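Shared chain: subunit A. Partners: subunit B in the first complex, subunit C in the second.
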Partner chain A sequence: MAETTDLDKDAKRNSDVALAQAKAASAGVRKAPWWVTPLVAVAIFAIIAPMGGILGLGAVTTLTTVLYYTVIAQGWNLLGGYGGYLNFGAAVFAGTGAYTAAWLNSEFEWTLWQTLIPAAFAAAFVSLIVGFATLRLRSHYFAIFTLVLTFLALVVVKNWPALGGAIGLFTDVEGDFSSRGLAILFFYVLFGLAILATVIAYFVEHSNFGYALRAISEDEPAAQVLGVKTTSVKLRALLIGAALGGLAGAVYAFFTGYIEPAGTFSLDLALDIVLVCVIGGMRSWLGPLIGSIIVVLLEQILRVVVPNLHLFGLDIPAETNRLVLGVLLLIFALFIRRGVVGLFVQRRGRVVSV
Partner chain B sequence: MNTEATAVSVTAPELALNDITAGYFANDIVLESVSMTVRPGNVTVVLGPNGSGKSTSLRVMSGFLRPRTGTVTLDGQDISTTSPADRLRLGIATLPQGRSVFPDLSVDENLRLGAWQLRNDKGRLNDAVDAMLERYPKLKPLRTRLAGSLSGGQARLLEFARTLILEPSVLLIDEPSVGLAPVLVDDVYNELERLKDEGRTILLVDQNVQAAIGLADQVYTLAYGKNHLQGARDSFEGQLDDLIKQWLNL
Partner chain C sequence: MNEIVQSLINGALLGGVYGGLAMGLSLLLGVLRIVNLAHSAVLIFGALLYWQFVNGFGLDPLLMIAPVVLIAYLFGLGVHRGVTQYLTRESDSTVMLAFFGLMIILESIAIMIWTTDTKTVALGYLSGVIRIGDLNIPVSRVVAAAITLVVLVALHFFLTRTLTGSAIRGMAQNRDVAAMVGINVEKLSRRVFGAGIALAAFGGTVLSLVSSFSPQEHTRWLAWAFLVVILGGLGSAMRTLVAGIAVGIFETVVGLLIPFQYTYLALYALLAVALLIRNEGLGGIKQRTI
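So, the complex of A and B:
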C-alpha cells in the first residue's frame, strides 16, 4: 500500500481516538517497569515466610489456606486465565490428588512426601482423560462440562468402597508432632509448593507456550490459522494445572486429617478458585497469589464478622459471605476485568473494540 | 523484489481440489464434486453468490474442513488429511475472513505468533519479523501498540504481514475487503496487486466481483456448491454483468 495517504489520515484519526479514550479513562499508557511484579511477589513471599513461626495457630492455618489456594489457582490460571477457558474443574483435580494421597496413606502407609508425586500424576492422568474428551469444546461448553464433572467425580468416589465411600478416608502424618508443629509443617510444605507454582506460572507467561495460550484466549480460529496446535496447547495447560492441583490436594488430605467426598469435590472450592483468579487478575502470574490472599482473608473476616452484626436484630447466617463474594465476582468480572494486578500494571495502549 | 518474485513462482507448487464433496453437518452437503486448481504464480479467483461454497472450498484447502470424498493435492501429493498446522508447514497460508488480530497482544507479538513455526529459532524469527516491518513500514511505529487499538486498515496490514511472515508458497485469501470502509478496500486491492506483481500463488475468494476479476488470471465460479464456469480472465470480461444478474436471480 504505497500511495495511500488515507491510511495516514486513518492512523492519525485513530490515534486521536485512542488518545482521547486513554485520557478519558485516566488510565493512560501507564506501565510499571518490568521488575515491579517480580519484586512484589518476592516481597509477599518474604513477608509470609517467617509467619509460620510467629503467628498463632489460627492465623497460621488461615495462611496455609491462602497458600493452598495459591497453588491450585496458579494451576487453574494457566488454562482458565491465559487460555480463557473458564472452568469449574479445580476441585476435581485437587480432589483426585487428595484421594490418591489419602488412599496411599491409609492403605499402604505412604508418607506425605511419598504421596506427593503419585498424587500429581493421578490428577494429571485424570486431566488427560478430561482434556481429550472435552478440549475440542469451545469455552462456555467446556465450562458447563467441568461443572458436571465435579458432580460426576463426587458420585464416583462416593460409590467406590476402596475410597471409603460416603464415609471418606483418614490420613495420618508419620512422626510425633504437636498440633502447632503439624500446622507449621503444612504451612511450609504449601509455602514451597506455592513458590513452585508461581515460578511455573511466571515461566509459562514469558514463554511461547504462554503466547499461544493468550492467542487462543483472544481468537482461537486465528491461532489455528497461524499454525498453533490449539488442542495440544490447551491440553498441556490443563495437565500442568491439574498436576499442581493434585500436589496441593495431597497436602490438603494430610492437613485436614480426614477427607470425604462432598467436602473434597465441592463446588465451593471450584468457585473460590475462579474468584481468586478473577479478583487477582487472570492475565498475570501475580494475580492468583494476590487473589488468594484477598479472597481467603475476606472469607475468614466475613465468616467471623457477619454473624455478629445482628443487623436490625436479625440473625444473619455465616453463609452470607458467599453473597458478598458473589457480588464482588460480578463487580470484577464487569468492571475490573484485569483484576487487582491490572489496576497497577497497565499494558501500554488502550483496547478499543471495533 | 523482482528476483525474489521469480523465485517464488518457480518453486510454488500446484494446489488442487479434486472432485470434493464436503459439508459441516451430517445431512448437509455444501460442496458437491467441486474441482479447482490453483496454478503456480497465478491469481485464481473464486466467485459465486452467497452460500455457493466459496469460503467452504477455501476451508477445505486450508485443512479446516475435511472433505467427505475427493482429495486435496499439493503437486500431486494427497494432503486431504493433513492438519492446518502441517499445511502451513508445507507453505499454504490462510488469511481468514474478518478481523483476526489478537487485540490484547501488541503488533510485535501478533507478528511473532504469525511466525509460530519458527518459535524455536530466535534468529530466523527476528529476521522474519524485521523483514515484515521492512515490507510494511507503516507497522514499524506501531510495534508496541496493542493490536486492538489499530484502525481497520492498520489491522488488515498486520494480518497481511502475519500471513506473509513465513513466506508461504500458496496464499489463500478469504473475502479480504469485507467489513472495511471503501477507502480501505482500495488499499487492500493495492496490496493484492503488489502480491500478484511479485508472482505469488494466490487463491482469492471475494464478493467484490469487479475488483477480483481485475486481479485474476484464472476464474472459477460456483453455484449451489457445484462448479459452474471456469476459465482464464479474458473469457469472463464481457459477461460480467450477465453473471451478476444471473446470480441475483439464482
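So, the complex of A and C:
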C-alpha cells in the first residue's frame, strides 16, 4: 500500500507542468539507494552458489534451468529490453548454439569446453544475417521476422542430414560422472555463464552503449539525429545477446544429452524468455535474474498443479500451462509494464509527451 | 511447357488466396499501426472453426465462410474492448508483447479444443477438377481464389469510393487530424480492428480450402502473410492481391526448380531481400497510407 501512496505523492508533485521537463531531466531519481540492486543480485547469486552441493537432484536441475534462462534472457534484454526491439526468435539463437555444440561433439568428439566458443560464434553469425536484413527497419519488422524465423530454422534443420534430420543428435560428456556429478557440473557451468551475462548486462546498462540503446527505444529518429549510430548499436546488442544465447544453448545440448528439431526450435522458449524479461523488468539488468526465478518456479508449480486439477471432472490438457503463461504476458503487457523490478526502482526520466 | 502453364495457373490461384491471407495484417498495420502478431493464430482459429462447421457438423462449405467471418468480427470487437483500446498510445513493443500473449492464448485454446492433428476440410461438391486440354485445375482452388478476389476488390472499392473508406484512409494518414475534422476515430478504430480480425479469419477459411493445416505450425502462414505485406505495402487491397499472386507464382515456379523443402528457404530469402530493398513495402514511405 505504501507504494501507491508514494506514487500518488509523486504524481502530485509532477502535476506542475512547468516542472515536468525538469522532472524528466532528473533521470535516475530512484526510491531505493543505488546500491540496493547490486546487493540484491549479489545476494541472489550468493544464495544460489552453494545450492549445487546442498539440494537434491531435482531441485538442482530446476535451478540449472533458472540459470539457463537467466543467461539467454540477459542477452535478450540488451536489444529487447533497453533497445525496445523485441526478439521472438530466442530459440533460433540458442538452438544454433545447441546444434553447433552437438554436431561438434557427435562428429569430432569435441568436449563441452571446446564447443562453447564455436557455438557462441555460430549464433552470432546467424544473428548477423538476421540483423542485416531487419535492423535498419522499424522494430516491428524485426519482431515479425524473428517470430517467423523459428519455423524456417525448424524446416532447415529437419532436412539437414548432417544435423540428424528429424531424429536429432546425441551429446556425450567426456569422463566418468555420476548423474549427480553431471548435474552439479552443468549447474556450475551455467552459474558461471549467468554471472558473466549479468555482469555484461550491468556494464551495458551503465555505459554509453546502454544509453544509446535506451535512446533508440525512446525515439529512434531523434537518437539518430543526435549522432547515435542506431543500426550499428542495435546490431552489436543483437550480436552480444545471440552469443550469450549460443553459449547457453551449447551447455543445454550437453545438459539434456539429446536434441531434436521440434523441441529445440519451438516458440515455447521464445515465450519463456519474453516472459522472464517482462515479469522481471525489461529495463533493468536485475530483471532477467528475478524473472527467470519467478517463471521457472511458476512453470514447475503449474506442471504439478494443473494435471491434478480435475475441474468439473475433466482432464486438463498440458496446453493449459501455456494458456496461463499467455494470459500472464497479456496482463503484464497491459498493466505492469515495468515488471517486478519496476515496482521497487523508479523509472528513469519519464517521457513527457505533449 | 504444359507443366509450366499448369504451375503458373496453380501459383496464380494459390497467390489469390495468399492475398486474402495477408489482407487483415496489412489493414491493421496500415490503418491502426498495430502489428498483429496474433494474425496467424486468428487465421488458424478461423480455419479450425470452419473445419468444425464443415467436417464436424456437415454444413455447406460455401455458406459457412460467412458465419466464421462474423464470429471473428465479433471476437475482434471484444479484443478491441478488452485489450487494444488501452494500447493506442503505447509504444510498438508494448503492443507487440500484448499480441504475442494473445497469439499464445489463441494457439493454446485451439490445441486444447482441436489437438495438434493436421486437418483437411472435406470439400464435398468443391472437390472436382476442371480439365482444359492437359491442364488440371482443382475447383476448390478456383473457388477460393474467386471468393478472395471478390472480397479484396469489394474492399478496394469500399476504401477508395465510399465516405467511410475515405475516413479510414484519413485515419491511416493522421489519426489526430482525422479526429479534428470530425471523424469518430474511436468508433472507426474499433470497426477497423474487427474487420482486420475478420479478414484474418477469412484468410483462414480460404486457406483451408486449398491446403491442410495444423494449429501449432501457424507461424508458417504468418511468414507468408508478412512476405505479401512487405511486397505489397500497407493497407492497399489491390496491391496486396497482386503481391499475393506474385508470391504464389514464385512459390510454385521455385517448387518446379528445386526440391520441395528448399522452397521455404527461397521464400525466406525473398523476404530478407525484400526487407533489405524496401523500407516500408514496395509502396515506399510516401505511399504507406492506403
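As a convention for this text, the second predicted complex is superposed on the first by the 318 of 354 C-alpha atoms of A that agree within 3 Å, B and C clash if a C-alpha of one lies under 4 Å from a C-alpha of the other, contacts with A are read in each partner's own complex, and residues count from 1 in each chain.
Here is the rule we go by: contacts are C-beta pairs under 8 Å (C-beta built on N, C-alpha and C of every residue); 3 or more make two chains touch, one makes a residue touch a chain.
Because the structure is predicted, anything quoted here is derived from the model rather than measured.
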item: Subunit B versus subunit C as contact partner of A:196, first or second or both or neither; value: neither
item: Touched partner set for A:211, first subunit B, second subunit C, both or neither; value: first
item: Partner chain(s) touched by A:144 [first = subunit B, second = subunit C, both, neither]; value: second
item: Partner chain(s) touched by A:132 [first = subunit B, second = subunit C, both, neither]; value: second
item: A:44 touches, of subunit B and subunit C: first, second, both or neither?; value: neither
item: A:297 touches, of subunit B and subunit C: first, second, both or neither?; value: neither
item: More subunit A residues in contact [subunit B versus subunit C]; value: C
item: Contacts of A:59 with subunit B and subunit C, given as first, second, both or neither; value: neither
item: Overlap of subunit C and subunit B interfaces on subunit A (superposed complexes); value: none
item: Contact footprint of subunit B on subunit A as seen in their complex; value: 1-4, 6-7, 10-11, 13-14, 18, 208, 211-212, 214-215, 218-219, 221-229, 283, 347-354
item: Complex contact set, residues of subunit A against subunit C; value: 80, 84-86, 88, 129, 132-134, 136-141, 143-145, 147-152, 155-156, 158-159, 217, 267, 271, 274, 278, 317, 319-320, 322-323, 325-330, 332-334, 337
item: Residue numbers on subunit B that touch subunit A, as the complex places them; value: 62, 64, 83-85, 88-89, 94, 96, 99-106, 109, 112-114, 116-117, 119-120, 136, 138, 144-146, 148-155, 157, 162, 183-184, 186-187, 190-191, 194
item: Residue numbers on subunit C that touch subunit A, as the complex places them; value: 29, 35, 37, 83, 86-87, 91-94, 96-98, 100-105, 107-109, 111-112, 217, 219-220, 222-223, 226, 230, 261-262, 264-265, 268, 271-272, 275-276, 279
